[in-house]
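A, B and C are the chain letters, set down in written order, and residue numbers restart from 1 in every chain.
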């Protein structure tokens, strides 16, 4: 295993996860797709002026192009002629197509390699070293992505409450005097910068996985924004480590392996997450159905004996007739009620116990949000 | 003319193929946009990669039918997963699309390594998948494209009434006893079909543009769904033909990007210059309205029956001079011209 | 009575469709005011343009003779419940504490005292049991009460509420109305966009009947008449006015 590649992968994941949470919550997931593609045009244009592939101006050019992309999409949406999705789908292929044509006509023989743009070159990051005072201190990409990670952590710490407010309730933010535009473009700049640095490493399509995957997975577990961020970062680290390990062991594409793991870990969370996962949802629905049946049965007795008949018990036969359930259903719900000691069965005359009464009151409030006496 | 055809036989084939693709992509894309699922084409086209590669690994054939089948299967799996995520989580639609798109593509990339290791294909194959290469379209392909497109258009015509109703109001559609699931499946199947046949010509990334841009452009010209679909098909046809033609005569230009640029120019023209809806027309109309409104506020004031004492004599003189009101024996009356102006200011409510 | 809100000459249009026409209103301090009118009458637009969420074509709004920007902290706004995403990962107490962010300023974190205030506010709307719940688990009425609690911690003098009674249960409706009366007792001014004509007389002491323009404005007992209501709910209220245009 190459520890440097692993570190690059991990820090790419961390920065993508942080910005990804904000983007997913702002419903801008597909914008990552757009930005990571159009950044290429920024690089191409910057390259026309400064033909040096390692120049930092290329990153700046790409970041600006990311901002332009978002701005153009918003402009289209503002005209009310198109919705957000369609606007994204119009703008980014256009800018991307321009960059492909420029590369194909102007830079055919240079090192602007489209494959590398789309698929990344994490395998080769170790060959591009940062030399400081004649000393080799590690791969350049590691320092770039480390810098961006620190920048994002600083940004989300300093502006945590503003970011939260702007994403959750824009109108409150406006009335409280917080500049929505500033926060919005700060997030977009962060996203753009991260996408640019990350696509150089894992490729433009897999940036999307690194940004959206951990965020979507974390949302299955968490009930606060802060925890969502922490869990997303942890999941990002896990995905990239496991992805790299598998790629190394079986000699696979590293970025491909990481994004496959990212999708898988989301699917696992979707199925197994406590309270929000599919399994617990189905179990809850099942329990709810049982609850409802039980409530219907007990509520019937409740109505009968507490309101209409002044504590008078209800005969078993009458209940079974009045509920109009199938016999098997009635028997099973009835047995369940007796087993839980919710009702007393005295010579086939039925009456609620104290537990039964509590059950009716609690569940009725829980499901109908209405209190009964 | 016949001379031209014989010389440019391949060119004709290529242009024809891309043209046909443009028609069906434009038509089904318009429906996707109206269903607010514009980017589904983007997600699906990326998600087909593992299907294509797996089909190749399993059969060892580069036959187009085999690869397309693989692509279609992967697309079906990804659509089902998206539906599952929608049903069971609170993840928003765009996030689930992004997740499936990138996850599947990454998996395809992993599988590609196996292909490369067996020395069977190079990255060039993937490159074609991503950008498309219309120049390699053969006569048999055009036939195939034609048949599939015809099938798509026929199905759309056959279910036109239902599709229209379904897109417009899903709930009401269901109450009439139609199956929403069936129609949803139909529309998605048509989408998958277009995506799968389109990838080969214009490639993965730009497939989405071929589905979205014609719909967005056509929307600027009409409110009628049928007109929208026909116009979108026409735009798809024009850009497909033009794009393929340009890219075929200049070999350095890949088809997909050229088609997309032609399309984007159509979108830009439509957005800015279409009458009644175009950005320029609307901006001018709105600013004229605003200016007129501010200029003639005193008239509105009189009309609304508000307290007249706050109006200055300059304002009243101005209105009289413009022949909007007339004063007779201390009674102010709005003239016909004034009523006309008010009608405009009130947005036609009067 | 001191004038809390002064609206003058306010005209708003979306594109070339006018929404509000030449609105002149003076709203005195310490009243509960309902803004009533049919759908599309511009009720929400009126309060949104008062607090600069929408830019009017002409006219201006003053609060105690100050522009909104200079007196922002004394004004709280409760948006429609549907305007936010309730799946957002946050808790009830956190949403309520957001009301303090304006006074905190940039970079500062909410203090223990802020949290305590938030809990107090939650108690007032009978939601303190739910403080640590995730907001997606709340019913519609509970969501509305959380929004109200959030407005309370803003500790404002003027409250704008957009349809707070929309789709809530009886318990919430009662809780909201108790709260409104409480605010009035503290001499605060409350402006509520309201839908239900039947409850106007019970809940509010002033009413503005609005349909693109102000049809009537004043104490409920004086202006909430059958004739005025009819005038307001006539879809072409402005056309009706033509008879009056000959002065």
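FYI, a contact is a pair of C-beta atoms (placed from the backbone, for glycine too) under 8 Å apart; a residue touches a chain by one contact, two chains touch by 3 or more.
If you're wondering where the values come from, they're calculated on a predicted model, not measured in any experiment.
Enquirer: With chain centres set to the mean of the C-alpha atoms, which chain is at the far end from chain B?
Expert: Centroid comparison gives C as the farthest chain from chain B.
Enquirer: Of all chain pairs, which one counts the most C-beta contacts?
Expert: Top-ranked chain pair by contacting C-beta pairs: A-B.
Enquirer: Could you grab the centroid distance between chain B and chain C? Build each centroid from C-alpha atoms only and quote it in angstrom.
Expert: 40
Enquirer: I'd like to verify one number: the distance from the centre of chain A to the centre of chain C, where each centre is the average of its C-alpha atoms, in whole angstrom.
Expert: Computed value for the inter-centroid distance: 34 Å.
Enquirer: Provide the C-alpha centroid distance between chain A and chain B, rounded to the nearest whole angstrom.
Expert: Those two chain centres are 27 Å apart.
Enquirer: At least two other chains touched by the same residue of chain B: list those residues.
Expert: Residues 90, 282 of chain B touch two or more partner chains.
Enquirer: Where does chain A touch two or more other chains at once, residue-wise?
Expert: Residues 27, 219 of chain A touch two or more partner chains.
Enquirer: Where on chain C is chain A touching in the complex?
Expert: Chain C residues touching chain A: 51-53, 69, 72-73, 75-77, 79, 83-85, 88-91, 94-95, 98-99, 101-102, 104, 106-107, 109-110, 134, 139, 141-142, 150, 169-171.
Enquirer: Could you please specify the touching residues of chain A with respect to chain C in the complex?
Expert: The contact residues of chain A facing chain C are 25, 27, 158-159, 161-162, 164-165, 167-169, 171-172, 174-178, 219, 222-225, 227-228, 369-371.
Enquirer: What part of chain B is in contact with chain A in the complex they form?
Expert: Answer in residue numbers: 33, 36-39, 41-42, 46, 81, 84-85, 88-92, 94-110, 112-113, 117, 123, 126-127, 130-131, 205-206, 208-209, 211-213, 215-216, 219-220, 252-254, 256-258, 260-261, 264, 267, 271, 277, 279, 282.
Enquirer: List the residues on chain A that touch chain B in their complex, please.
Expert: Against chain B, the touching part of chain A is residues 24, 27-30, 32-33, 37, 76, 79, 81-83, 85-90, 93-94, 96-98, 100-101, 104-105, 108, 114-115, 118-119, 205-209, 211-213, 215-216, 219-220, 247, 251-253, 255-260, 262-264, 266-267, 270, 276, 278, 281.
Enquirer: Can you list the residues on chain B that touch chain C in the complex?
Expert: So the residues of chain B in touch with chain C come to 90, 282, 285-286, 289-290, 293-294, 297, 300-306, 308, 331-334, 345-347, 349-350.
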